[in-house]
Every structure is written in structure tokens, then in C-alpha cells.
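Next, two complexes with subunit A in common: one pairs it with subunit B, the other with subunit C.
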Partner chain A sequence: MGREILLRPERCILCYACEVACAREHGGQRNVWVVSADGGGVPVLCRHCESAPCIAVCHTGALVREGNGIWLLPERCTGCELCLWACPFGAVGLDLEGKRAYKCDRCAHREEPACTLTCPSGALTYRCVADFAAWRRAVAGREWAAGLERRGL
Partner chain B sequence: MPLIPVLCPYCGAGCRLGLRVEDGRAVGVEYLTDHPVALGALCPKGNVAHEIIGHPDRLQRPLVRENGRFRETDWDEALSRVAQNLSRIRQEHGPDALGFLASAKATNEENYLFQKLARLLGTNNVDHCARLCHAPSVVGLRRALGSGAMTNPIPDLAESRCILIIGSNFAENHPVVARWVWEAKDRRAFVVVADPRYTPTAHMADLYLPLRPGTDVALLNGMAAAVLREGLADYGFIAARTEGLEGLRAVLEEYSLEKTAAVTGLPPGDILRAARAYARSPASAIVYCMGVTQHTVGTDNVLACANLALLCGQVGRPGAGIFPLRGQNNVQGASDMGALAELLPGYVSVANEEGRRRLARLWGREDLPDAPGLSVVELMEAALEGRVRAMVVMGENPVVSDPASGETVRALEGLEFLIVQDLFLTETARLAHVVLPTACWAEKSGSYTNTERRVQWSPKALEPPGEARPDLAIIGELGRRLGLWERAPGPEEVLAEINRAVPAYGGITPQRLTSASEGVFWPCPDPAHPGTPILHRERFNTSSGRGRFFPVAHRLPPEAPDARFPLWMTTGRVVVHYNSGSLSRRLPELAAYAPEVWVAVHPQDAERLGIRDGETVRVRSLRGEVEARVQVSDRVQPGLVFLPFHFPGVNALTLKELDREARIPSYKVAACTLERVAPPAEEG
Partner chain C sequence: MRGLIVNPDLCFGCRACSSVCPARLIALRDEDGRRFLRFPGVCQEDCSRCQEVCPPGAITLEEVAGAPEGVELAFSLRRCAACGHPFAPEKALAALLPQVQEALGGGDTPWWNLCPSCRRGLLAGSVAQAASPLAAG
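On to the complex of A and B.
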């Protein structure tokens, strides 16, 4: 199973390392936006949706699904911005100079995405879904066991 | 394309990054996932560390100031001027007319040689910015536990079941620490954060304690008193490993929950909850930083932390310890190397005759100066009064980072001779008579000691630009010209001498260190010793071997809001910038997030004062003023404003009053007022 960029958003410390790393890897243009919310933060980036609104609206086939991801082919992009409107997460950007859309490509030019490697707190992770879910279950299990213990069960 | 594993130049976490070097230029960074603390992670600053190296502002040639202007010159003329002027002033006014500011960013070898130079010239007037950050840890924690250093490694926090974070905003200032605290949280650790500001670190808290500025002793005493009242003290530990409880007990009697609540402004139930959690957990940690140390009661604050830890037996085991987070990449090392006015290498007091003479003999002398020298703030005062006439400033920017920095400018301007060694023409360098261009961290090899006492070697990755030279070469050549030694030594050679001068570094030889991928924790007295990740496991480093309780009482700060200056003011940092900003403000990748200074004001205060978000105001204290853009924010308390000190001018407002023992200034509390600035006149 392929690895994806999966978040533990409660760990986000609003340090913006992911933004700076992503910009560095992509010629100054970042594909991740850290949104500040209630004292914490959430890095927002393309979810590579199974049933993707961006692909649905793209009239030139610039957005394609391949493997476990969605890839943007800049040479086909006309900069119409429809994908930007359609993405429910605001995870598509527009390069105003080149008039092309851009979005997270999971650092296709690297072995592992820079954001997941750089995240100091471990909020951004590069795992397959099964591993990630198992992780979450381990923590939840401990919580529940402790709760049950407190109730004498 | 080679990847050179250098250390990060910024903070005391001591992360490593892979520097991509192409054709002698630094072109990028890579993540080294086997680093034990960072696991490859880098904060935003580390991610663009390579951009400092080839920055166009890098100084490349020595500069001398003539008729108010800088002209480029060669090393011979520059060093000749430096040596002549230092000699002459020393001759005419005595060695104590000289002052030396060492660098918490330079290597251990450079700091060691720098303080050696000062002391061989006959003065203990050598100090550095540890004075402005963790001097209370050096003084207070050393007194209580026998060592001022962090007791456990950072990853050890994952083993804690309760973490009390007081006066630390590591989420912004030591971001990689957050991972380990989260690992603890995933194992159900209870996290308490005490800070007048709701920082990203406070956001991690299970219990947030927004105490009033300057009330840390009250809170810690209140918690300790609650521990005693509830019978939660670890009497077994106290009996076996401490002394002085009765004195502490006496002072703590008056710290009822009600009194503590009244002083701190916290709900009594929360103080009790924090105390119970800390005392009951099988392994508890105290993490502290500038919010604890940068006060006139900084030493008291540190002692109060130590008291609480000793009372509950929470030190000397995995997950249980005291974690003073050192800021600079090598402030721990610079302190270990004795770049401090009253301490020789290895924390030997200058007044300790036996230790002093032992070092003197190592250096080929009978004795060394025995009177404590002037600390950072005192050096500036002495310069203002003409007692210190020449200063050598290595990799520090006091014009931006000193308290009451307006006075620092006058002090430096009044010096007969000022030498500055730096990468850039900083605000301080602009005042110098001679400016020496230095190699940056990636352009020289040497050892650095991070906040965990982990000594790591950083290899040279590329050549410095132009004629810039490593500080070690500069100090070495200067010492030779001053007749102090025969030739300038290389880093391995100096480290070998450090092995002999500093017992804790005895076994951290060049050979061992250059191949130790995870570094070596001091104390490491001999080459066979594995190093010491956790301190105080069996005994404390005090003369009795026991940890000592030192009762302290809540004392008021030297300045408080009044009619003229009705607001508390505090300063601090943000994640994208670093200290005086000489590095981070030069990098648009970072500076774009925070391009100019701001003042965070609570909505209630903003409304009362009639000021709006985005408006420019003048922030003024008794000492100075600065203009800043208003950021209306509920992250500060009503009555408290916050300014980041990364911008010149902010420290013109801060208090110079010193902690009487550690001599650290009171950066964290002052009184100020906000004044509206008339809007700029319309362009005609």
C-alpha cells in the first residue's frame, strides 16, 4: 500500500517548517498552508482525493489520478482556476506569473516529502493508512484501558 | 553531490542537517533521520540554514574605520592595529581596562582559546550571553544540585508522566522538544504549562496556568507547600539524598493556596491540581527557560524549581529531571569553557586558588587573575564610565540584545577601541574601529555542546568567502602577536587541551568525538567512560553529595505598572526569527512571516486605549521607546503587552536591573505605556 501524507493535527505547533521546506523544494512556491485555529494549527495540503472535485472540473486533463495520488501536469494547465474553486480544502494555489495551478505533489522529485521529514513535532507523517490507523488505535487503546481501570473494570 | 552532516547553527537543541554542497557552494539541506533528538526534523530556520552561508551581506575583508567610514584592509594591518591598541591600552590602564565578549555561537575550542587569551592578558573581564539567559541556572541549579546543566536528555521527556513547563515556549524556540513531549502525552502524561502568555507551547497543556508576570516563586512555593500539606513529598528520597528540608518547610508555611492564588492570580484549585499531578506521577519533569531566568529573582526562581523537584524526588531517573533549555547552539559549551567573568573552564571559581593555579600551570604560568571580572551588563556600565576602554566582541550583537540597549550604544561608542568579529556588519559591528570577517559554522570544524550536555563535532563543509577566517584562527593569530603563545592552534589541538583542562570533557577526545555520531554526554572523565546522559542518578555533585533545599520567598519585580506606565511589558521570541535577527532578518524565507516589530495587546486594553489592530503605536518605558504595529491578541493577559525582541530598539525599553547573584537582567518584566502615533501626513 502506498504512503501518504497523514496528519496528527493536534501536534501542530505552528512552526511553519513545512511551509519553508516545501517552498525550498518547489522553487519558492509552497503547496502547504498552515492554518491557525484556536491556539493550535493545521497544515492544509492536497488530500489526493479518491473522487476528486479538481479532476472533475478540469477541462484540459491537467489533473490526473495515477497510483495513490493526483498529479498536476503544468503544460496542460490553462490557469482557469476552476480546480482552485472546486477544492473543498483550498489546497490548490495559482501561480500568478506563470498562470498555472499548483498543489502538493508529495515531493515527487524526492524519496520522501520534505514536510514529513522536517516536521519537528511529528504532526506531518509519511505513512500508509493502515500503519497510521494502527498508531492512533494504540494511543486510543491506552486511553480507554486507563479509563476502564479507573472505573475498576 | 556531497552531503556534509553539519550541526544546525541556531538553537541549543543541537540538530544535525545534511548540507548539500555543489562547486564549493551550499545549495540545500537534507534531513538526517538518525539524529537522536531531531530524528531528521528541522524547524523553519534550519530549513534555510544554507542561505546564510552564501548570503551577499557576508563580510569578506577586514574593515577599519577612519573618519567615520569603513575601508577594507588586509589581515596584517587589521590584526596589527588590534594587537597594538590592546597592548597599549593594557599598558596604560591595566588589563582590566579590556573587555571580552565571547560567543555562544562559536565552537568550544574558540571559546576556550578566547577566555585563555583574556586571562593570559591579565583580566577576568570575559563574559558572554549566557549571562543574559541561563546565568541563574549556572548559579542556582549548581548550588542546589551541584551542576547548572540539564539533567536528562531531551528524548527522555517521552518517559515522563507529568511535565511542568514554566517560562518556556519550546514550541517556538526548541521545536523538536515538542515531539518528545507529545510522545509523553500519547502515553497519557499530564502537561502543565505556566506562562503569562498563551503560546503554542501553552496549547499543549492539559492544565494552563496564566500566572501574573514575576510570580513564579509564589507558584512554585505554593505547589511545594501543597505537596507537603497533602503528604505527597517523597520522604524516602529526601532522607537519602537531600539536606535542608526544615529550612524550606519553615518558609513554605505561609504559602497557603489562598495566598498563592492571590499573588499569582491563579485559581487555587488549579495550583493544587498541578501540585498533586507533579508529586504523584512516577516520573515528573520540570522544563524551564527564559520566563524563569530573566528576572531580578531569576536565581530564586531556579532554586524554587529545584526545591520542588527535590521535594518530590523527581530527579536522577529516566523521565524525572530538571530541563533548563539552553538557547544558543553552544551556550552550554561556552559556559563549560569558562567564558564567564567569575568562572574558569569547568566551572572552577576564579577565587579557588588550587583550581586556578592548576589551570595556570597548564598554561605555563604561576597564577591567573583572581578577582571576578565584569559581566556583560557591568562591562557596558564600565565602558560608559571609562573604566573599560577596549572591547573585543566575538559573534555577539549587544546593541540589539542587551537590556536598556540605548546605553549599550553609548557605551560602545565611547570606547577607545572596539573590535568586532562577525559574519555580517551587524548593528554592533557598525560601531567598531576594526571589523574582522569570520567563517560561519559550516566553514570550520569544531565541537559544540547542546542543551543536553551532548558534545557533538561539526565538520567543515566548504571554504569561507573572500578572506573570512574562523574565529579560532583569528584568536590564535592575535594571541601570537600579543606574545601569549607561539602559534595559532587548530581545533583538534585545542580540544586535546580542553580534555586536560576540563575534567568533564576528559574523555571527549578529538578522535572519539569525530566518530561519535550521537555525540558524547559530559561528564565523560576518560576515554573509556561512556558519557553521562542522566545526571544525579546516585549522588549530586555538591560537596556533601546531597541535593540542597534553598528556601526562597516571593519578591516583587524592580518595576511595576503605575500611573505613568500602566502596562506590564514582556519580551520574547517567535519561531521564524532568531535572537537579534542578524541571521533571520536577512532571509526573506523567514522574515516574510514577521517582517517588522509588533506589540501584542489584549482586546480589553486595545478597546480601553482606543487603538486598533494594525495601527502603529509608540511603546515607551522609563528607558526608551520603540514604534510597533499593534496586534490585538487574546494570547496575552489584560494589562500585559508582548514584543518580540528580534528587532533593534525593543531592548531600549527593557530593565537593566540585575539578579544580584547571577547578574542577569530583568528582560521579562517592565512597565510601559502605549501612545498613539499621529498618522503620516498625506503625500502632496
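On to the complex of A and C.
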């Protein structure tokens, strides 16, 4: 199973380091947006949907599914904007010249995405879903046990 | 003379042709909640990119008699239901919605009338809400 960018939103401290790291890796275009919500932050980025509306509306085959991700082939993209309008999460952008779409590529050119390497609070992680779920369960169990101890139980 | 013929019934106001034209002959501008696309009547460039990439197939390049005049098409832009920002041509959204619904296997699409920025806000709100018990613990 491949690794994915996964969130622990309760840890986001709204520092925007992921946005900066992403922009630096992609020639000034960032593919992640930190959105404040309920007093905290949520990094929003392409979720590489299994049923992907962006692929359904792309007329040039510029968006393709391969492995566990959706990839944008810039040489095929016309910048028509249809995928921007089709994405339920607002996770596709248009470059500053309006010439092509851009979205998270999980930093395919490097071993680990810049955003997950940079995130100082661990809100963004790069793991397999199964590992991530097991780890979340272990942490929740430890915290629950610690809570019992604090209450003297 | 090679004419550039646009079918106004098919064109739905996306950016494809204006974005790919190497000679920048197709002009796009968004103004006061409307999108304007201006096409030349004649194109003598050795290129058919606009015709090739047009999603609804609205552009035809073919030999014509005389020199036809250019045309300008206007499209009403949908305003975001949350922030009011005009973000996409109504006509394009109407054409795309069935494709998007099919891709998602049916169901409601409450985000459809939101601009990309407000869609991110909607997602962030629901993620934060789902994560709030974790933050409290």
C-alpha cells in the first residue's frame, strides 16, 4: 500500500509552514491551503479521490490515475478550468498566468513531500493508511490510559 | 482565407482556447460578473490548437470566402453562494454537473454553488468538527 498525505487537524497551529514549503518546491505555486476553522487550522489539499470528478471532466487526459494517486500531466493541460469547477474541495488551482491547472503531486520528484517534512506540529504526515490508523489507535489508547491515571483510577 | 467559426450554442466560456492560442488571438476578460470571449473572424496561423482543445467542440477552422468579422460572446458568471465572488460561467456549470454527479455516483452536491475558496472552507469546517473530540481529549 502506498503512502499518502494524512491529517491530524487537531495539531495544526496555523503556522502556514506547509504552504511555504509547497510553494518553494513548486516554483512559487502552492498546492496546499491552510484554512482556519473552529479556532484551529485545517490544511486542505488534493485528496486523490477514488471517484474523481476532476478526471471525469478533463477533456485532454491531463489528469490520470496511477497507483494510489491522481497526477496532472502539464504538457496535456490547457488551463480550461473545468477541473477547478469540478473539485468538491477546491483543491485544484490555476497558475498565475492562467495557462494551466496545478494540484498536489505529493512532491513526486522527492522521497517525501515538502509539506509533511516541514510541518512542525505533526498535523501533516506521510504514511500508509493502515499504519496511520494503527498509530492513531495506539495514541488514543495511551491518552485514555493516561487520563485514567490522572483521575486516580 | 481561413475563418475561425465559433458556435455560440456550444461554447460555454471556459479558458481553453484563450489559454492555448500561441498568437494570443482569443481574448478573455471577466468584468462585472460576466465573462467575455473575443474571437477573431480570421486566423492565418499554422495552428489548430483552439479547435483541438475546445471541450464542447465549438470552434471550427475552415476556408471561407471574404474576411468574416470577429465575434464576442458574453457569459454570466455564477456568484458563490457563500462569498458572492463570481467564479464560473453558469453555462459551463450546467454542462458539467451531470458528469460530476455521475462520477460521484449520485447524491447531493451542496458545494456546487460555492467558489473553490469557499469549498475549502466547507471541507475545513467539517474536518475540524470531526476532529474536535480529539482536540478536547
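In the analysis below, the second predicted complex is superposed on the first by the 139 of 153 C-alpha atoms of A that agree within 3 Å, B and C clash if a C-alpha of one lies under 4 Å from a C-alpha of the other, contacts with A are read in each partner's own complex, and residues count from 1 in each chain.
The rule is short, and it goes like this: a contact is a pair of C-beta atoms (placed from the backbone, for glycine too) under 8 Å apart; a residue touches a chain by one contact, two chains touch by 3 or more.
Keep in mind that this is a model prediction, so the values were computed, not measured.
J.: Looking at A:P120, would you say it contacts subunit B, subunit C, both, or neither? Reply first, second, both or neither.
T.: A:P120 contacts subunit B only, not subunit C.
J.: Quick check on the superposed pair: does A:T78 touch subunit B, subunit C, both, or neither? Answer first, second, both or neither.
T.: second
J.: For A:A62 in the superposed arrangement: first (subunit B), second (subunit C), both or neither?
T.: The answer is neither, since A:A62 touches no partner chain.
J.: Look at A:Y16 in the shared chain and tell me whether it touches subunit B only, subunit C only, both, or neither; answer first, second, both or neither.
T.: first
J.: By the touch definition at the top of the document, which applies to A:A146: first (subunit B), second (subunit C), both, or neither?
T.: Touch partner of A:A146: subunit B, not subunit C.
J.: Using the touch criterion from the header, give the chain among subunit B and subunit C with more contacted residues in subunit A.
T.: The partner with more contacted residues on subunit A is C.
J.: Let me test your reading of the model: by the given contact rule, A:G40 touches which partner, first (subunit B), second (subunit C), both or neither?
T.: The answer is both, since A:G40 touches subunit B and subunit C.
J.: Touching A:R24, do we find subunit B (first), subunit C (second), both, or neither?
T.: In the superposed model, A:R24 contacts subunit B only, not subunit C.
J.: Once the structures are superposed on A, label A:F89 by its partner contacts, choosing first (subunit B), second (subunit C), both or neither.
T.: Touch status of A:F89: second partner only.
J.: Identify the overlap between the subunit B-contacting and the subunit C-contacting residues of subunit A.
T.: Looking at subunit A, the two contact sets intersect at 40-41, 143.
J.: What residues on subunit C touch subunit A, complex-wise?
T.: It comes out as residues 14-16, 19-20, 53, 55, 87-88, 92-93, 96, 99-100, 102-105, 109, 111, 114-121, 123-125, 127-129, 131-132, 134-135, 137.
J.: With touch defined as at the start, can you tell me which subunit A residues reach subunit B in the complex?
T.: Where subunit A meets subunit B, its residues are 11, 13-17, 19-21, 23-24, 39-41, 114, 117-122, 139, 142-143, 146.
J.: State the interface residues of subunit B toward subunit A in the complex, per the touch definition above.
T.: 28-29, 31, 33, 38, 40-44, 46-48, 171-172, 175-176, 178-179, 182, 186-188, 198, 200-204, 575-576, 589-590, 593, 635
J.: Which stretch or stretches of subunit A touch subunit C in the complex?
T.: Within the complex, subunit A touches subunit C at residues 7-10, 33, 35-38, 40-42, 44, 51-53, 55-57, 59-60, 78-82, 84-94, 98-100, 140, 143-144, 147.
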